[in-house]
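Next come two complexes, and both contain chain A; in the first it sits with chain B, in the second with chain C.
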Partner chain A sequence: MLRGIKIHSYKESTRHEKIEGLPFPEKVTLYASQHIGAHSRIIVKKNEQVRRGQAVAQPQGRCSSYLHASIGGKVQDITVLPRPDGLVCEAVVIAREGDQAIQLMEPVKDITPESIRSRVSEAGIVGMGGAGFPASVKLDPPKPVQTAFLNACECEPYLTADERLLIEDAKKVVEGFRLVKKAVGAEKGIIGIEDDKKHAIGVLRQVTGSSGDIELSVLPKVYPQGYEKMLITAVTGKEVPSGGLPHDVGVSVHNVGTCLAVYEAVNEGKPLIERVLTLAGPQLIDSVNIRVSIGTGIREIIDYYQVIRTASSRILIGGPMMGFAVDDIDSAVMKTTSGILVDNAGKTVEHPCSGCGKCVDVCPMGLVPQRLNRFYDGKDYAGMKSEGLLDCMECGCCAYICPCGVPLTYKFKAGKRKL
Partner chain B sequence: MEKKEKITRLTVGPAPHLKSSLTIEKMMWWTAAALLLPSAGGVYFFGMKALLLIVSCSAAALLFDAAGQYLRGLRVQLTDGSAAVTGILVALILPPSFPVWAAVLGTAFSILIVKHVFGGLGKNIFNPALMGRAFLTAAFPVLITTYSINCRTLPGYDAKMSGAGTEAVTGATPLSGIKFENAVYSGDSHLNFFLGQKKGSTGETSGILILAGFIILLANKVIDWRLSASYFMAIFGFSGALWLTDPVANVDPFLYMTLGGILLGGVFMVTDPVTTPVTGRGKWIFGIGAGILTVVIRNFSGYPEGVMFSIILMNSVTPLINRMTRPRIYGT
Partner chain C sequence: MTVIQSIIVFGSIGLVAGIILVIAYSKLKVEEDPKVEKILESLPGLNCGSCGCASCHEYAVLLAKGEAGIDLCRPGGPEVRKKLAFIMNMDSSEECAVFKAVIRCRTQERKCTADYTGPRTCAAAHLTGGGMACKYGCLGYGDCVEACPFGAISLDKDNFPVINFSLCTACGLCVRSCPRNLITLERVIDGRVVYVGCSNRQPGKETRKVCVSGCIACRICEKKAPEGTFQVKDNLSGVIRQDPGIKIDEIKCPTKCIYEMS
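What follows is the complex of A and B.
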């Protein structure tokens, strides 16, 4: 049984509302690094006219990605800009002009693992759950895979983008998942979903119904059920070895948004130029799921909706448990941006650890955060490593539960950097 | 490039951005609130002397904690409530007739030596209140075994009806009665003892008030139920087994549990987060170990009571238990 935490989901404000489209932004900022791996190489010049859907950057090496213009217009600038997470990288800034019809690729006719992979690469698809691993690489596992997983857990509070995609576009997502399953060479497909997503479960049952190749696995709602190792163990009982990856136990796990993108790339020839994300939080008048062009400025999105701003306003990218706080509102949406949350920073007072052991009870990895914390305070980073620091997935359960307000997760991230 | 003006200042901080609402301050103040129940019991059964003891010890604890923080060059803050809790606990585990000056001395030992010398809040190895009492046991062996204030009887209680019950109100504590005078307590002692009508330390006599505090602490997730449950189960099982082997020489397990400091210790001492293990299995081992030691000391040593030493002994092996009961890391 997954340890983890029972946490209020805050999903009710968005899970019943249709995904809204946003008007095309005046300009987009396309970072050359939206993924894990080598930066993409920019292939357009300043002042060049680009069409919506045209490639503006190419992969450098195998673990890299294509990047496409998400709006049509003129390349206004090619410069170094900060991403929402604060890292700076080269970016293409496009100003909107004229026609916004998408320049599509030819749909793939002969569907084989190779043709799926090469199309996924051409479409610039990366893991859209947050990690941003280039999908074409993930679809070519180094070890044989028997089971493909569609991860529909979306266990982070507030986020309902995947849930809405499943309700509104289940057929395409499931078809995309079938393509993924074919590409990785898996015989079996399993959709893992948490039991609070009643509507989505109903739709999925209908869509997968009689096919038999895809199984639905309804899991209890516990954070972090959607972390891939936890999902694999909950469904199969197998544990991914320490330091290993899912393919070490014959499994490959994929995100809902990614599967939709794979479907659209293969069957419609559409590159990854837009995504659905959840805009939510206590500081918003209306919480919504929106479909936005990649590269839309965070400021533009927030200004489009009504937001209450106060001195302690905080903008988070991703979920509130593993996401990060933005300090530059002029950074832009990336392929991996699953949510934008606007909330108020609460005050946390830090006390010395009281040794209550609540962190041990909630750690899904079986670590003893209290002990890691002691080693960190004593600057014994090697000691942290021998206590399993590298197995920490930074889910935040320990820091969430800590009554003493010790920023445990932050300290473990810092400890990893010291190694 | 045009320079953009920042409209808002944004607050940043590390993930996770959500926090559970249970804080250590809340936990400590809930503990203090739960302690008010046995404290009120102490005042009812032993009068204003008990109140004086509780007030002086908690005031002294706050004062010594401030002094300890000041001497260590820390910013003085008492809002976490931990010193107040220690002070009240010291008073509750002393005889109501214990001199106030000596109780204050014990509190000084608890706070300055057991807590601050070992590194302050969260760093102490031993339970400060219990070590304070252990210090007073060594320093004032006569005073600590003198229970000279009679226990007030419950409304409607007829003293002429039961001999041994009266003895428990005016004579020795039931524990030393059993240990040194072969006293036998009749059937109605169970209820009277559980309600608190017996001699004993200031806050330990009323089981029902302690258990009410227990419910407050459990409902607010202040204490870990596994520590109390394992402690009570071990004592009940062990004392029950002794009673079954010799029902004449041994007290039945129900009465056994209401005697002395078992309930107070099992609710407020065994559950101290700082001095008990952090792991789940460790908590069970701690509770069972302390429970067995309590019975061993009570039944097979020269002391009538074993709660204090059993918990202190288990405190000393807590780091070892933590080390031995580390959970298995996922994927290893």
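What follows is the complex of A and C.
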């Protein structure tokens, strides 16, 4: 059974606007940990001159990633700085200087799964939907994959970065998806998209055309349709086992931004040094999609668009459902930053759980959030685990629907940390 | 009349049940080591779990069987150890180390970068950084206060936890409750503990930006204090060996982040 919630998407303000470019920032902060897995090892030294697109960090171990300078200039500092989510990690600070031409790699001539994978790794591509799983690892599934998915659902309200990419760069995205499909060894490709993205669906129909290798699957608009396990169930009817990954059912799911980055890396030799993100929120007059260099300061973006902030303003990274409030506005955009939202922090009053069961109805993973809540209050973290805490994807449906204002998702996140 | 009737009926039921219980007790009695009860009497009975057993009773059973040592009860300290040694006929003459918990963050002011409006617990606040400029420092929502079964930790007026030296038994429950791992158990020498009141592992320049009294890893303590007492590692100083020769005034820590508790 498919669950989830129907929420207003607030996408109208940015859906029809072209992606804008942002001028190069004065300096960028490149965190050595932009992905899941081991930190990258920084290979540049202080005061060294770097060119735009030059690698500044190398992967350590298999599940890690390259990192490239997103602007050309001088390495101002290598130090330990807080990320937007409050974690602290090593970072390279580069001050802009001189020429900003990208140092491109040679395009890949002989396209094989191996050559695609090694290029994706060299270009430092990670899953750009938010989790930041190194793409080269994802392109090498341990089990045979029959179907590759392009996840174009983008179910979070306000965010339209992927939708605009599909409209403006559909050809590149679909070509990138074909490369991904080849790398994972899938026979079939499916693009999963929500039915409210009419323009993007039209463009995709044109691009995929009559070539039978890629299918378009239009899904009803429900949050969180873009969660990979939910997407797989919606399209194929197969259910990913608890604690399993999509390749357990022969599927591999990829994000729109990632596919575009794969295309650019393989065919143009461009490393991942910029990304598209949505700047939106009820307080903004002009919500926009912008293409920014990775490492641009959040404060710089907000000041550039002259966002008016009040004392109660709150800046969220990611969407309003799964995103988190920025802890330090002086932190910078990462490879996984899909949006910046500015809204007013409403003070919510928390009441004790009334046991109404609305959270049970909406949980897409079929968990019982109210029981998890009771275990959390009793500090029984092992009990939370046996109730399926690790299957919780922190989509926020339960906390959204809760009439008592219990911060359920928060508690589950904290519970996971305790395990 | 009814009153007498009911007294007789209930009285006889009670008598019969009592007789059955007495018989059952004598027939089905489980022999327990008499030591277990004695040990249990001398243990504090807090079931804190610092000995590694689920309850004081379980520890008493293991001890009576000889499967556990006598020095595991941290809340009891040397006194309980003496009593246990007497019960178990063991030698209690060797010196027993006393530990106390210290909180390695004691700045006078918290610098903030954002307003935190989420649930008021350290565990939840730590998920997003809690709005504090220092990503290593104390969040001040009192998870440790709640964890302490002895009431040894209290929050002062600036929401900084303060440990009551005499009440702390070093059971270690607060150590596990702190999401930022600020609390450590330190050995008491000469009735005092010396510790560095900072956990910030950023370079000195960054530490100075976020805190007036953070450790900037200047290594002055390594030079001024007796050798082998302080060690600077990962941009942070720490006491690796408690020594009566450490004099805090003589070290002249530039940010004054070396404290003593007694």
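Note that in this section the second predicted complex is superposed on the first by the 418 of 419 C-alpha atoms of A that agree within 3 Å, B and C clash if a C-alpha of one lies under 4 Å from a C-alpha of the other, contacts with A are read in each partner's own complex, and residues count from 1 in each chain.
Convention: contacts are C-beta pairs under 8 Å (C-beta built on N, C-alpha and C of every residue); 3 or more make two chains touch, one makes a residue touch a chain.
None of these values were measured; they are calculated from a predicted model.
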item	value
Which superposed partner A:361 touches (first chain B, second chain C, both, neither)	first
First (chain B), second (chain C), both or neither touched by A:268	neither
Which of chain B and chain C A:417 touches, first, second, both or neither	second
Which of chain B and chain C A:48 touches, first, second, both or neither	neither
First (chain B), second (chain C), both or neither touched by A:157	first
First, second, both or neither for A:327, with chain B first and chain C second	both
Partner chain in contact with A:168 - chain B first, chain C second, else both or neither	neither
Touched partner set for A:90, first chain B, second chain C, both or neither	neither
Per-residue contact with chain A, leading partner among chain C and chain B	B
First (chain B), second (chain C), both or neither touched by A:242	first
Shared chain A surface residues [contacts with chain B and with chain C]	79, 314, 324-327, 329-330, 345, 407, 410, 413
Contacting residues of chain C [partner chain A, same complex]	113-115, 117-119, 121, 123-124, 126-133, 135-136, 179, 201-203, 205-206, 235
Residues of chain A defined as touching chain B within the complex	5, 7, 77, 79, 157, 229, 233, 239-244, 309, 311-316, 320-327, 329-330, 341, 343, 345-346, 348-349, 351-357, 359-361, 363-368, 370-371, 388, 391, 394, 396-397, 399-405, 407, 409-410, 413
Touch list for chain B against partner chain A, complex	1, 4, 6-20, 22-27, 80, 120-123, 224, 273-280, 282-283, 322, 326-332
Touching residues (chain side chain A, partner chain C) in the complex	79-82, 85-88, 314, 324-330, 345, 347, 350, 407, 410-411, 413-414, 417-418
